[in-house]
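Two complexes, one shared chain (chain A), two partners (chain B, chain C).
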Partner chain A sequence: MNNVNDVLNILIIDDEEGMCMGASRALSSTQVFIDDLNIIVGFSSRAVHSYSEYKTEIVNHKYDLILLDYKLPDGSGLDILQELNEQSKETLVIMMTAYATFETAVQATKLGAYDFLAKPFTPEELRNSVRKAATRFVLAKRAKSFEEEKRKIRFEFISVLSHELKSPINAIDGYLKLLHEGSITPDSENYQMAIERSLLRLEGMRKLIFDLLDMTRIESGQKTRKIEPINLIAIINLLIEQNTYEAKLNGITLNLVSPNELSMDGDQSELEIILNNLINNAIKYNRTNGTVDITVNDTPTQVEIQIKDSGIGLEPYEQDKLFKDFVRIKNTDTMNIQGSGLGLSTVKKIAALYEGTVSVTSQKGIGSTFCVTLKKYLNNTISPKIVT
Partner chain B sequence: MSKIKKNILLVDDDVDYLFQKKLELEKEGFNVFTAHSIKPARKILEEMQIDLAIVDLMMQEKDDGFVLSYQIKSSWPKTPVIMVTGVTAQTGLEFDTITENEKKWIKADTIFTKPVRAEQLVREIRRLLANE
Partner chain C sequence: MAKILCIDDDRDVLETCKIILSTEKHNVTVAMNGNEGYAKAKSEIPDLILLDVMMDDNTEGFHTAYKLRKDPGLKFVPILMLTSVNQKLNMKCDPKKDGNFLPVDAFLEKPVEKIKLLKEVKRLLALKKDEINVDGN
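What follows is the complex of A and B.
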């Protein structure tokens, strides 16, 4: 006998003692291998002999499967079936009867019996029926807990998202009210600041919405990925150009060390999201007159991109949570920097599509280096031959 | 109210919220000190005579507000604490200071759910300071 991963509780309800003992014995040595989940299920059984014993038994015990005799000394098995049906219990019932007529089978099935065994049956027939019921029970239970988990995650996500959207609205609303009621006047020193902060919070909200759209596209799987040969270096150069204006505002220099060309299979927009997030972060979280060094290492199977900044850096505990949804590191260094907290988690999700990784090494006050590795050719596709 | 201005400590990780509330409360005649996390808040509490603290529940770490309120009530038991939170909407977690049992673990005199109207906050501050 193998070690079981899960034990199902079976209740046998039959007034014939011999029947109960026989069924218990047959089940004690039975195991079911559930293919889809790769687990082995065993059984533990108990027997009761009447409707009234059943009523006492279920007060304190929970059963996954019930082997139910049609005819009980103080009632009908159909009553029990009906009660279970009304309580919408997950319990599966196998009806056993010596009065196996078409009508009783239909009646039992209507009341929710999972299977029907005509007495007398062999131990093997019993085992087969129980195996089927057990598989169904375990799969249904797993599906239910998976659904619940999904619902919980979705609820948490929406709650955090609404908070993230509400904060900038409250902030802008607050400034507008102060301006409106004249608490901040054009000649006061706070006037410019109130307007600049409002614009900054708006920009942050816009960024959140864009990042959210990126993330939804990736996660929903609805966006058709257009995987084609791409020159990664061309993408990096384009993104450097797009980020130059913001870099220059703070005197930041962007450097690139890479081969002239690097061909890989990829989706242009996905690679842009990864690289733009990392380059833009390296500028945002840098110091005035700092540097961003981008290094690309090419190997036959994968590409490694390092983006090193000379910025504010991270504490070790901050590094651990950086790649989760909606995580933003809040401290005096970051309070004037807008971010959605979704950028790096999206980077990580996209990297996974390329069987790749993203990691960070950092020193507080000195700078951070983000490193992304991506597989160049997916699904075992071989490097395209150069045709001359 | 006495003629001496009361000192209020305002703790929240949202700098805009800090700025706006400070301005509102100063208009009402209070001295306002602001901090965006536990550490600077503690420093102010140790150096200044703070008459009342307003603490946001969610800061850098999600229970920072609880921790700070607890610390204030341990070290300065007479200082009233108003806890402000956006947490009800966010986690479905609901609590209040109504029952004695809840008072045992939430160390705050009053709990407000964001957004808090200015006059509501000021009224509560005056009430708590008058009790002092």
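What follows is the complex of A and C.
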């Protein structure tokens, strides 16, 4: 006998003691392998002999499967079936009867019986029926808990999102009220700050909405991916150019060490999202007059891009949670830096589309190095040549 | 004039509180997470602490409140909890109506309003040692 992953509780309801013992014995040595989940299920059974015993038994115990006799000394199995049906229990019922007529079968099925065994039956027939019921029960239970898990994740995401959207509204609301009631006057030093901060929070909110759309499109698979041969270095050069203005404001130098060109299969906008997030972060979280070193290593199957900054760096516990949705590291070093908390989680999700990874090594106060690996050719496509 | 420490991960909430509190000439220091806040509270021993609930994680403010109350040097510093989640979480925020469950002395709903904040600050600064909700029960 193998080790079981799950044990189902079976209640046998039959007034014939021999029947109960026989069924118990047959089930005690039965195991079911559930193919789809790769798990083995065993059984633990108990027997009761009448309707009233059943009523007492179910007060304190929960059963997954019931083997139910049609005729009980103080009632009918159909009554029990009816009750279970009304309570919409997940319990599956296998009816057993010696009075197997077509009508009883129809009646029992209507009341929700899962299967029907005509007495006398062999232990093998019993096992087969229980196997079928157990598989169905376990799969239904898994599907339900999977649904619940999905609902829970969705709820958590939405509640964090609503907090992230409410914060800028509260911030702007706060400044506007102070301006409105004259607590901040045009001649005070806070006047310009209040307006600039409000505009910045609006921009942050807009960025959050865009990032959110990017992420949703990637997650829902609705964004049409246009995979084509791409020169990765051309993309990096373009992004360096786009980020140069912001870098110069803080005297930050951007350096690139790479081959002259690097061909891979990819979707231009996805690769832009990955690289832009990382390059832009390296600038945002840098120090004045710092550097950003971008290094591209090419191998026959994959490309590795390293983006190293000389910025504020991360504590080890901060590194662990960095790639989750809505995570922003907040301290006095980062208080002036805008971000949605979705950039790196989106980078990670896109990298996964290229069977790749993203990781970080960092030292507080010294700087961080982000490393992305991407597979160059997916689905064994043959290396294409770049036409320039 | 009092020393007030504001702990919130939102820079603009801090700025707003600073502007409001400076109208009453209070001396304001700020911190952006629970650990930073606790360290500053230890070094400056403020007269009052304003504390946000949801910072790095959803309950960081609660944990910080417990930590402050366990510190002999800080346990009698009144805490005003700022929250934007009490409606969503159906939190019990009115010590008079709901009874205490957190070791804080008052709750204030965000966005922070000047009149309400100044009124609460004044009330809390006047609390005597034995009126501070040290245990939350």
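The rule we apply is simple: the second predicted complex is superposed on the first by the 382 of 388 C-alpha atoms of A that agree within 3 Å, B and C clash if a C-alpha of one lies under 4 Å from a C-alpha of the other, contacts with A are read in each partner's own complex, and residues count from 1 in each chain.
Please note the rule applied: contacts are C-beta pairs under 8 Å (C-beta built on N, C-alpha and C of every residue); 3 or more make two chains touch, one makes a residue touch a chain.
All of these numbers come straight from a predicted model, not from anything done at the bench.
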item	value
Clash or fit, chain B versus chain C on superposed chain A	clash
First (chain B), second (chain C), both or neither touched by A:I184	both
Contacts of A:R197 with chain B and chain C, given as first, second, both or neither	both
Residues of chain A contacting chain B in one complex and chain C in the other	159, 162-163, 166-167, 170-171, 174-175, 178, 183-184, 190, 193, 197, 201, 330-332, 335-336
Residues of chain A defined as touching chain C within the complex	159, 162-163, 166-167, 169-175, 177-178, 181, 183-184, 190, 193-194, 197, 201, 330-332, 334-336
Contact set on chain C toward chain A in their complex	9-13, 15-16, 19-20, 23, 31-33, 36, 54-56, 84-85, 88, 110-114
Footprint of chain B on chain A - complex, ascending	155, 159-160, 162-163, 166-167, 170-171, 174-175, 178, 183-184, 190, 193, 197, 201, 330-332, 335-336
Residues of chain B that touch chain A when the two form their complex	13-17, 19-20, 23-24, 27, 36-37, 59-60, 86, 89-92, 114-115
